[in-house]
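Heads up, the thing below is written out as structure tokens.
In order of appearance the chains are A, B and C, and numbering begins at 1 in each one.
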């Protein structure tokens, strides 16, 4: 265990952790939204995210930027990033809704037992990832560099690069927008109603299926934003990149309290930080274990998470 | 759980309490609890009722709070061996809560529930069944895919010891327990009056399903059988035969606790009645005493004093 | 269309009625004949005896690998499916990382029997490699133990949480195996794993490169397993599992020690998975981290569900189909000269059946769940129950 690594690298680890955590948070929102409304873990969400990462790459290559090209100017870069976000978000939103309509809705119509939903979810996840795998020949794709890498601000040993700044600001913006949407708009009310009591909401005139579709759309949009940010951070992507990040994002959602939007945001950020600190102390080999360990420990000892209500035990 | 509204009372009839058996009629051996392991008779050190019967379940000053709601408020009564006790009260009185506490599903916030002198709280639910408490459910919870026989055999398995090694290798214990379980299940199904032993539980009639639940509960060799609204949805003829069945069950030595809304059934089959209102016990006594108790009548507001 | 379906159902019903009516001796006789047929499957002589044309006989044959190899591969997937069937089909626990137990079994055999294994070369914990037959029970025991260790904290969780935790678990095992500097040697793997023992009359080892003896070995194991699992299912254990699956809380209130039996289901499934892994390692003689990809767990799940969960023969059917169909499709493609690669806009795409296998079975999973959740070889009662559920669906909700 190397504690000096942690102490020396604390500022860097923290900033990196926050940015990675912001990405986890965005993806976690998708999981927690769907779980809150349908009580279902949407395994396909991580693969929807993966599709978004490809969407961004394709957008950028349409403008002539690939892994080997030079960086665009700052103005161009910001424009390209914005465009990529729009494309990725729409792409993810579309596929998220596609999964709901083709895989989950028919099961609801047949009053299928809960096990069936889980099985279909994992099936959908596989269709998306394997489909993309066949489509891309399972190759790894590099991401063009967009933003300059020198730190843009330095205070003592704390520094932040343009990418990290952009990631944090965009993520915060997206989460605030989501929060506003759910709390203040009519659609958001519908979502909250269906999450609490679907049948009564239906009796009150809320179109359950449309609300569910909306929930998947929003989750997809968030995933699309996360996809662009993740692309820039990781500098590469491939067809199976969704799995591990999805697992961690789900752990983040549970950490914050499943079904709780603010909890998902908090959980994501916390997980990003903890992951980084732990990998400094225990070695980078253990980084991926952290998310999984957090998940198991949470589910065993505090399934309610930090902010949420208890959904962990079998229902009486 | 929402309580079903009380049955509409027929104002023109007076209730007629049916004859009750003077002495237990031990016709069959079904439902007889297994012998204590040592073979010695160890008398219970629990409170005795006026006739000298011992209490098998003591509800000792039990208060149960759910968040801010006080579901049970210092409820105090005993269930004596061999009796049929009715638990009644208007909607929201706390009957189901009390019932669940008595079967170990809820833990009292304060006070104790003791079964055969031992505290119930903190035990695993299947262990409570092995102690000798069995129950049926308000909304039937059979295993739909299994046959009637198999449902009852699951109950009989409660005291069996066959596990993976014995089953895998077909050791003698497996054969013994299967045979005795099978015999017992057939007996119990006949006892409750179900003829189609190999029919899937889903396909049985409503009345048969309710009785199957009772058979399954009896298969666990309980000392105390708790029936949660066993007559819900029955027509008068079915209620009559249920009445007889409950008496027969008591006749085999099982103590019965009953929640029921049908007053005629309650008055007709129980030895004693406990009445709850707003989580408090407001009356306890024989059916005749309860019927004339002004507090009880007031609790069931709007019910004419001389109705069933 | 419905007419065809009713006729098919009527036919199946008629067949099963005729079967039930046969005296026990006839049943046993027929089963024995069938078993002999199974053993004879990979023998060319058998086909010649039956007068079937060899070579490009599409309905049965596979061109890439000889029949015995394909059957052997089906065999270990069938075993896996039988193991997962206990966990998912009987006890109703969704384990998405089942292949991890296969990995435990295979790696145990690998590290104990291969002279390349680091136990002997680097760490010197043991003197010399063990024979395969001795490592086998240890592999099974360790898988059983892994099942208990994973199950113990995790089985109290609700279905969906259980699913994702098991998913993560399998991935963690793979990451551990991937570490190059540890005992498992990452992607470089462990080679020269010992084969099962035995010598022919001429002194040469039985288990060498010919797949036939392996197939017969695994067939024997499968048949034994069928009997063992049937014993379990028709006992208190099997009843408890069904009760747990149907209504866990009611089961517990009827005196079923649910946690204990769930753990047993998990352990048994894990043990069978490990057994399969040990057998496979003995044949393949090489394991490395990329052998144990997540997709395999899903393939086993698809096998169980396609065949019919909760049903031993359904699991066998599913395990068989999942391996055989892609192989067979490849052969059909070969016979008809279909390409394995297509060029779209200048980029080559691999459209071979094995590459698209996971995509195909992912789609199958979704389709099964929607249209035939009871699987192909349905347990009659299950099918009826699922139909009832459908009827209860709230219209318009």
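One rule holds in what follows: a residue touches a chain if its C-beta (ideal position, glycine included) is under 8 Å from a C-beta of that chain, and two chains touch if they have at least 3 such contacts.
On a predicted model such as this, the values are computed, not experimentally measured, just so you know.
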item: Category of the chain touch graph - line, ring, star, complete, other; value: line
item: Result of counting contacting C-beta pairs for A-C and B-C, higher pair; value: A-C
item: Nearest-to-centre chain - CA centroid comparison; value: C
item: Chain A and chain B, separation of their C-alpha mean positions in angstrom; value: 51
item: Intercentroid distance (Cα basis), chain C paired with chain B, Å; value: 46
item: Centre-of-Cα separation between chain C and chain A, whole angstrom; value: 33
item: Residues of chain B whose C-beta touches two or more other chains; value: 105
item: Where chain C touches two or more other chains at once, by residue number; value: 249
item: Chain A, residues touching no fewer than two other chains; value: 316
item: Residues of chain C that touch chain B when the two form their complex; value: 228, 231-232, 235-240, 242-243, 246-247, 249-258, 260, 264, 268, 381-382, 384-385, 388
item: Chain C to chain A touching residues, read off their complex; value: 88, 92, 94, 96, 153-154, 156-161, 163-165, 167-169, 171-172, 175, 179, 248-249, 294-295, 298, 301-302, 305, 347-351, 355-356, 358-359, 361-366, 369-370, 373, 386, 389-390, 392-394, 397
item: Contacting residues of chain B [partner chain C, same complex]; value: 103, 105, 124-126, 129-130, 134-135, 137, 141-146, 150, 153-155, 157-160, 162-164, 166-170, 174, 177-178, 181, 200, 202, 216-217, 220
item: Interfacial residue positions of chain A with respect to chain C in the complex; value: 39-41, 43, 102-103, 106-116, 118-120, 122-127, 130-131, 133-135, 137, 198-199, 202, 208, 243-244, 247, 250, 254, 285, 288-289, 291-292, 295-296, 299-300, 303, 311-316
